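Each structure below appears as C-alpha cells.
Two complexes are shown next, each including subunit A; its partner changes from subunit B in the first to subunit C in the second.
Here is the complex of A and B:
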C-alpha cells in the first residue's frame, strides 16, 4: 500500500528540500488558507503562478504530478457535474424537477475542482520533498503551543514516533497473513465486493492480535530502557529557523494576504 | 562478589493457582557469563524479568547490583544498571532511525543533548555498527537489528547485560556474530552477562550454566558438567550439542577423548590429539 503511494519522499537537495520541516508545514497551512480565499480571476492567476514556482523550485518530476492529477479526473468530473446540476440559481439554463443546470453552478464546479487540484499538487510536492521523519518532527514543533491547553505534546510526539516505526513491520505482517490465508483458500481476488470484504476479516483479526502482542513487548522494552513517561527526558534538539525557511513563510503569508484582499 | 542474588524466589501469574517459579536460589558473580538454559515454558524468561523489576516479586528476595528489589526500589535507577535485549528485534525499536533509537535510553536518563551523540556513536561502534547512524531500522538484517538493540542498551552503560532469547529469531550467521560481540563485551568491558536460551549450542561462551525445568532450577554448574550429562539434559527436554553427542557416542564405544567438547572445533582438536 505504502509503496505505491503517490508523493513518496524523493531525497534531493532542492530549495524546497532545504526548508526546515516545521516551516514547510506552516507554509503549507498558509497556502491552503490562500487557496480557500481565492475567488477572483487575478487571484487564480497568482495561485497558478505560485504553484508553478513551487513545482519548479522543488525539482519534482512533472510526470508524477500530472499522473496524480490524471488519476483524480473521474473524481473532478463528478464534482463538476454535481455542482453544475445542483447549484440553486435564479436564472437556470435548463430545469427539470430538482435538477437545475446553471452558469453559476458550472463556475462553482470549476472553482472547487481548481482548488482541489492545487492542494493535491502542493501536498504532493510537500511529501516528495520531506521525509516522513521530517514531517513528524515538523508536526511535533507545530503542536508545541498546545502544551498551554494541557495537551500532552511530548506523549503525542512519542506515539507518533513509535507508530511511524511500526508501519513497515505491520505492512510486512499483513502481507504474510494475506499469503497464509490465500494458502488456506481465502479469496482476495474475487470480483464481488461483498466477498472481498468478507475475505478481509480473517486478515484483520490476526493482525489486531499480533499488534497487541507487539505493543506489549514494546512497552516492556521501553520500560527496561528507563522510560517513565515522556516528561522526564532530554529535550529534543531545537532546529533553528534559517533565512530560507523564514522567507518561505513570508512568501506564503504574502500570498495568503493577497488572496484575502482581492 | 555476587552481582545478582536470588533467594527462594517463587512466582505465579494467576494468584497462586499455577506456579511458574518454585523456590529458586542462585548467585551470579560479577564478570560471569551465565546461560540460563531450559525448554520452552521452563520459567527462564519469567525469572529474568524479576531482575529488572518488570515483574513484581511475590516470594523470596532478590538483590541486583547491591539494590534490594522490593516495593520501595527505585526501578528507574535499577534499570540503568541492568540492560535487557529481548527476543524480537522488531518489537523493541522506538524510532525509525538507528541513531534516534540508540539515543532513547540516554534520553530517558536526561543525559545532556550534546553528550548523547557521542554516546550513541560509541555504543554503535562497540557492536560494529558504526556508519549505520542514519539508516532506518527496518532496512537492516535480523542480526544487525539485534546489534542495534544491544547498542541501545550499551548506551546507558549498564553493569549487567541480559539477553532474553535474543538469538532465537536470527539466522546462524547473525547468531554467531551476536554471540561473538557478547563474549567480547564480557572480556573487554567486564560486563556481567545473563543469557536466556534454549539452544544448548550457545552455552559454549558461558562459564556457568543454569538448567531450568518446570519452574525449578534443576542444576547449576560448569557448561561441560551439564552439557556432558546426557540423561540430565534429556530429562529436561533438551539434547547435548552435536559435538558433545559425538564425544558421548565415542565414549560408549570405548574411545575416550581427553576433554568433553562443546563445539565442533573443540571436538576436532581433541580427536586430533588422540593420535
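Here is the complex of A and C:
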C-alpha cells in the first residue's frame, strides 16, 4: 500500500546512481535555485530539457513519475484557479467583488504549478537513485561547515539517520496494526471529521506505544555496544569527488547561472 | 457453510521493481467445525493467504467465498464478515489501545446488533475463557499487564464477537510450554463449541496434536493437504516442504528402534501416551499370568 510511494530507492547502476551523494544533494540545491529563478520562455525550455535529461539518465520508471504527478493534479488545479482568480491585476478580464480573473494571474498560476511539478520530479529522481545511507552521508558532508558555529553535526546526522531508518519499519507496523483493527471492525473511513479523528485512535495509540518501545530498545542496544555520543567515533571514509560528480555540479551550476541571467 | 478460496493468485506491488509473487493459483475449502493447521517455510505465503481469506487483502486474481457469498461482490456486508470471522495476528498485543482492558475487549462489538446485556455477556465470556477474571482485570489498563497477559487480552478482544471462523497467525510463537499447552486447550474447547479454527504454526508438535487437517504450503502453492496424520506420515514429501517429525513421532521411532512395539502412525503426545499405556499394561498382564 504505502510501500508503493514514489521516490523509494531503487538500486541500480545509472549515471545518477553513481554520482556521490553529497555532490548529488548539492546539485539538487542548485536545481531548486534554478527553478526559482526561471521566468522566461527560454528558461522554461532549458529547465524542461534538463529535467528530461535527468530522468533519462536515472533509468527511473516513467510510469511512477507520471503517477506521482497525476496524483498531484487536484492540488495543481487548486493552485492554478486560486492564482488566476485572486491575482491583483490592473487589466482584469472579468471582475466581480474581490475576484479578478486576469491573464497575469493565469500565467502566475502556471508558473507556480510548473515549478512545483519540476521540483517533485527532480526530488523523486533524487530519492529513487540515492539510498538512505547515501542521503545521510551526503547531508552529513554538506552540513559539516556548520561545525564552526558549534552545531553538533555528528549528532544531528545520527538522529537523522536513525529517524530515516525507522520509516520503513513504521510503515510496515502501521500497515499491520491497521489491518488488525479493521479485522476487529474498526472503521477508518467515517464521514464526520470529529468521528474520523476518534476513529484513528486505534491506530495511533499502538503506533506510538510501539515506537516508544522501539526507541527504548534501540537506545539500550546502542549503549550496550558502547555508543557514547558521536565524539571520538572514527570518522567514516570520505568519498572523494570524482569526475562525474564534479560534472554534475558544474552542469547544475551552469543551469542555475543561465536561469539567473536570462 | 464454509470458506472457499478459488484460484487465488497474488503478487505484491505488481509492475514495480519490488514485485513479489506470494500466491500462485491456490484453491481450498474449509468446512465449518474443522481444525486446520497451516504450515510451510518462511515466506511461502501463509500470512498472505489468511489475510486474503479475511478480506484484508484483495487478491490479484481469484475469489473468496464465505458461507456461499463472494466477499468482493457489490454490497457485501463487511460488518457482518467482521462479526463472523476473527483473525489473530502474530504478536496481537500491539493492537491494544483502549484505556481499560474491558473497553478494549468490547471494541469489536461496537457495531454489532446485540443488546448491551448480550454484549456484556460476550465480553465476560471472552475474559473468562482466556483465563481472566473480568471484575479484577476489566478496569486495569492493558499497559499494566505482562507480555503474556497482553497477548491473551488481545485474543479475548478477537473472541468477544464470538466469531464462527477463527484464524490465528503463529499464536504460540514465544509462549512457554505450559502457556502453549493451555492455549491449545483453549482452541480445542472453542472448537468443541463449534468454532472453526485455522492455525498457522511452525511447531510440528502443536499442529500434530491439534489439527484434523493440515495444509502445507511451499512457494505460494499448496504442496500437501490432507488428514494431519497422512501429511506427517508422508515423510519424503513432508521433508521436502520443511515439515519436521513431531517430537512424539520421533520418540516413537526411537522406541521402535529399541524393540518396543509402538505403532508407526504415532504423531501426537496423547497418542504416544496411549500406546505406551497399552504396551505397559500388556506387559504387566503377561507378568501376572506367569
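As a working rule, the second predicted complex is superposed on the first by the 242 of 262 C-alpha atoms of A that agree within 3 Å, B and C clash if a C-alpha of one lies under 4 Å from a C-alpha of the other, contacts with A are read in each partner's own complex, and residues count from 1 in each chain.
The rule is short, and it goes like this: contacts are C-beta pairs under 8 Å (C-beta built on N, C-alpha and C of every residue); 3 or more make two chains touch, one makes a residue touch a chain.
All values derive from a computational prediction rather than experimental measurement.
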(message) Output check: A:202 vs subunit B and subunit C. Expected answer is one of first, second, both, neither. What do you get?
(response) second
(message) After the superposition on A, what does A:45 contact: first (subunit B), second (subunit C), both or neither?
(response) neither
(message) So in the superposed three-chain picture, is A:220 touching just subunit B, just subunit C, both, or none of them (first/second/both/neither)?
(response) first
(request) Quick one: classify A:228 as touching subunit B (first), subunit C (second), both or neither. (result) first
(message) On the A-aligned overlay, A:145 touches which partner chain: subunit B = first, subunit C = second, or both, or neither?
(response) neither
(message) One more residue to check, A:168. First (subunit B), second (subunit C), both or neither?
(response) first
(request) Residue by residue on subunit A, keep only those touching subunit B in one complex and subunit C in the other, then list them. (result) none
(message) Help me check something: in the complex, which residues belonging to subunit A touch subunit C?
(response) 3-4, 8, 10, 61, 63-64, 173, 176-177, 179-187, 201-202, 205-206, 209-210
(request) Write out the stretch or stretches of subunit C touching subunit A in their complex. (result) 13, 15-18, 51, 54, 56, 79, 82-83, 85-87, 89, 92, 94-97, 107-112, 143, 157-158, 161
(request) Write out the stretch or stretches of subunit B touching subunit A in their complex. (result) 52, 54, 76, 79-80, 83-84, 86, 88, 90-97, 100-101, 104-113, 116, 136-138, 152-153, 156
(request) Using the touch definition up top, name the residues of subunit A that touch subunit B in the complex. (result) 132-133, 158, 161-162, 164-165, 168-169, 214, 217-218, 220-228, 232-235, 237
